[in-house]
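There are two complexes below, and they share chain A, which is joined by chain B in the first and by chain C in the second.
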Partner chain A sequence: MFEAVAFYLFAFLTIAMFFIAVTTSQALYALTALAAGMIFISAFFFILGADFLGAVQIVVYSGAVMALYAFGMMFFDTTRDVKEKNGNKYIVIGLSVISAILVVAIFSAPIVSENITALYPMVEGAGNTQEVGLVLFTKYLVPFEVAAVMLLVAMIAGIVLAGKDMDLSLTLLDDKEIEEIKNKKMKKVL
Partner chain B sequence: MDTAYLIETIIKVVVVLLIFSALAGIGTYFERKILAFMQRRLGPMNVGPYGLLQVAADGIKLFTKEDIIPTNVVGRIFKIAPVITAATAFMAAAAIPFLPQFELFGYTVHPIIADVNIGILYILGIMGVGLYGPLLGGMASANKFSLLSAARSAAVFISYEVVTGLSILAPIMMVGSLSLIDFNEYQSGGFGDWIVWSQPVAFILFWIAAFAETGRTPFHLVANDHEIIDGFGTEYSGMRWGLFFIGEYANMFFISFVIPLLFLGGYGDGSFLGALGLLAKMSFFFFFFLWTRAAWPDVRPDQLMWLCWKVLMPIAVINIVITGFVMMF
Partner chain C sequence: MEIGLNHYLILSTILFAIGLIGVMRRKNLLLLFFATEILLNSVNIAFAAISHFYGDLTGQMFAFFVIAIAASEVAVGLGLLIVWHKRHGTIDLDTMSTMRG
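Let's turn to the complex of A and B:
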């Protein structure tokens, strides 16, 4: 009984939050509703007994939305409404309704035809965190590593783009130019 | 789910809420007194004996003061921001074992509200969400100083959380569990079994990050009085302003419980002496928060980010790698 109550409560809250995030023209409302919705989603993980994923959902998305807030702070006066450029309203609404129906159909088709089997059933005696580790480091090892390498590439690219003088390559410069750079730096210190 | 369990949980929630919101009030008294003694003053003296009733006087003032919502603020966000700080602080308390289990009138009481098996991750995650309070309050208040404070709280958030996560990873690898009860069991052998002896680096890093998490003095840049007035709290008045403080002090108490539970043996073997020991360790860490406030200057936001990303994070990563090698061979 409690599970059902909790499920419907959080389902309603999550949908309400994301609805606000999409429809409001006030940047602060949208961001706050997004953060709240992301945190409410973690409730479903807790209801399903996936405590680890629930906690990770909170940790990861509260940080990610925080970065969005930082951008919001830089680009808008967040206490004013944002003037949105709405093209043809009917096309926007029509397309979003169609895509929503498509997504629901894609995910509910296997449920309706009762064609779902658990490929990786629970290992008896293993805790929640261990379960995630088992699947991640056996079946999904390659995608996991590829994602890790991609993130590393993105991180290095970010550092190169943001850091000072990162486009200089010492191996491509001759000695004279290197000397010049050194002298420049010495002057700055003095 | 039987009714007895439900009633027990509700009673525990109410007890924790009452005790810690009262403690948060008394915490402000301790802070004033200790700061005063360290600065050779007397502190609050006039209300009650030794100024003890100052807390009640402050409470009356906060509750009865008019709740002002300034004109240009984003109303709803402005109103909800202090609630986020206070509520998340108490939500984090759900997974903290405050005392060992004890018998009361023949009924075994577990002084933990929800023994989830990912306790420490849950606590840190929820405490992190608590920083949304200053952020939202600052951004909603249509005030330059508040906005600066909001920007700083975003900077604090993204810098300290990496350090906390990485620093506790090494002890987690040793214990093999995320539950605070398991952490306590691992160290229940006594003084020599404490994790701090095998993980001193992680202990120091976590302790430093705890200061950033609670926004205490070396990293008190979110509401630095001498630079940005009261930061996010500039536009607030009455109990909404008070809620920020209840959240901050409750957070200090909870993190002071978590540090000994993780590194200093917690309540040990679960005897009465062990329980007293946990309370003593908690008091020391709470006192240390006040001590640093009296003794240390504040750092600038860029210094905090430099410290977290360029000094503490590499140390934490090296610590994890070394722990991994030691455990493997």
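Let's turn to the complex of A and C:
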């Protein structure tokens, strides 16, 4: 009973927040609605017993990702109203419905077949964080390391693209201009 | 009333449809990124629900990797947006059709 009440409450809140995020014409409203929706989604993870995933959701999404987006919104001109595409409404709605039906079909196919067995079953008597650690550092160690390398690459890319000297960009200058800057400052730009 | 796997999958589908609507109607690239985050989060809910109802931790592992990919996508995407904004002064999608295809 309690689970049902929590599920419906947070489902309504999440759908409302994300609907605001995609329909509002103010970028600031979209950002705050998206952040609220992320936190409401972590509630589903806590209901489902995935405590660690819920904590990661709050830390990564409403901490890191939302801070990055807030930085981006300060950089760009977001005070004016956002224009929207005036495409054919019927095509858009039709494509959305078709995609949604496709997703339902993909996810309901294993339920219909009813022959799924747990590949890495949950350990009895261990907390969710402990179970996650057991599986992540044994079966999924290589993908974990690859994800770490990918995050490093993304971090370096972000620093190079948007790093220091915000008024000039190394990716947009010619080689000659970069040489001039180097000679002027008598030191390496990078 | 018992909440089953189908409830979570239907919720995930609704959120995915909202994200698709956002992807289709947004012109501003920053708000297009917001819609992409909604898509990734709706899939995460489905992964966590399947992981819970089948007693299998693989779904949660995939959700972790999806979160990692989302974080790196935001970092690289915002860097590219800043470069584009420096060059053209706008981040609307219409200004990116330089080839006029």
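Operating definition for what follows: the second predicted complex is superposed on the first by the 144 of 190 C-alpha atoms of A that agree within 3 Å, B and C clash if a C-alpha of one lies under 4 Å from a C-alpha of the other, contacts with A are read in each partner's own complex, and residues count from 1 in each chain.
In the analysis below, a residue touches a chain if its C-beta (ideal position, glycine included) is under 8 Å from a C-beta of that chain, and two chains touch if they have at least 3 such contacts.
It should be emphasised that the depicted structure is a prediction, and the values quoted were computed from it without experimental measurement.
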Side-by-side fit of chain B and chain C on chain A, or clash: fit
Partner chain in contact with A:58 - chain B first, chain C second, else both or neither: first
Partner chain(s) touched by A:35 [first = chain B, second = chain C, both, neither]: first
First, second, both or neither for A:73, with chain B first and chain C second: both
First (chain B), second (chain C), both or neither touched by A:92: second
Chain B versus chain C, judged by how many residues of chain A each one touches: C
Touched partner set for A:43, first chain B, second chain C, both or neither: neither
Shortest span in Å between Cα atoms of chain B and of chain C, once chain A is used as the common reference: 12
Chain B and chain C footprints on chain A, overlapping residues: 52, 56, 69, 72-73, 78
Contacting residues of chain B [partner chain A, same complex]: 1, 72-74, 76-77, 80, 116-118, 121-122, 124-126, 128-129, 131-132, 135-136, 139-140, 142, 147, 150-151, 154, 157-158, 161, 165, 177-178
For the chain A and chain C complex, residues of the former touching the latter: 1, 3-4, 7, 11, 14-15, 18-19, 21-22, 27, 30-31, 34, 37-38, 41, 44-45, 48-50, 52-53, 56-57, 60-61, 64-65, 68-69, 71-73, 75-76, 78, 82-85, 87, 92, 95-97, 99-100, 103-104, 107-108, 111, 116, 118-122, 131-132, 135-136, 139-140, 143, 147, 150-151, 153-155, 157-158, 160-162, 169, 171-172
Of all residues in chain C, those that touch chain A in their complex: 1-3, 5-22, 24-28, 30-31, 33-35, 37-38, 41, 44-46, 48-52, 54-58, 60-61, 63-65, 67-76, 78-83, 85-87, 91-92
Chain A residues touching chain B - in the complex, by the definition given at the top: 2, 26, 28-29, 32, 35, 39, 51-52, 54-56, 58-59, 62-63, 66-67, 69-70, 72-73, 78-79, 127-129
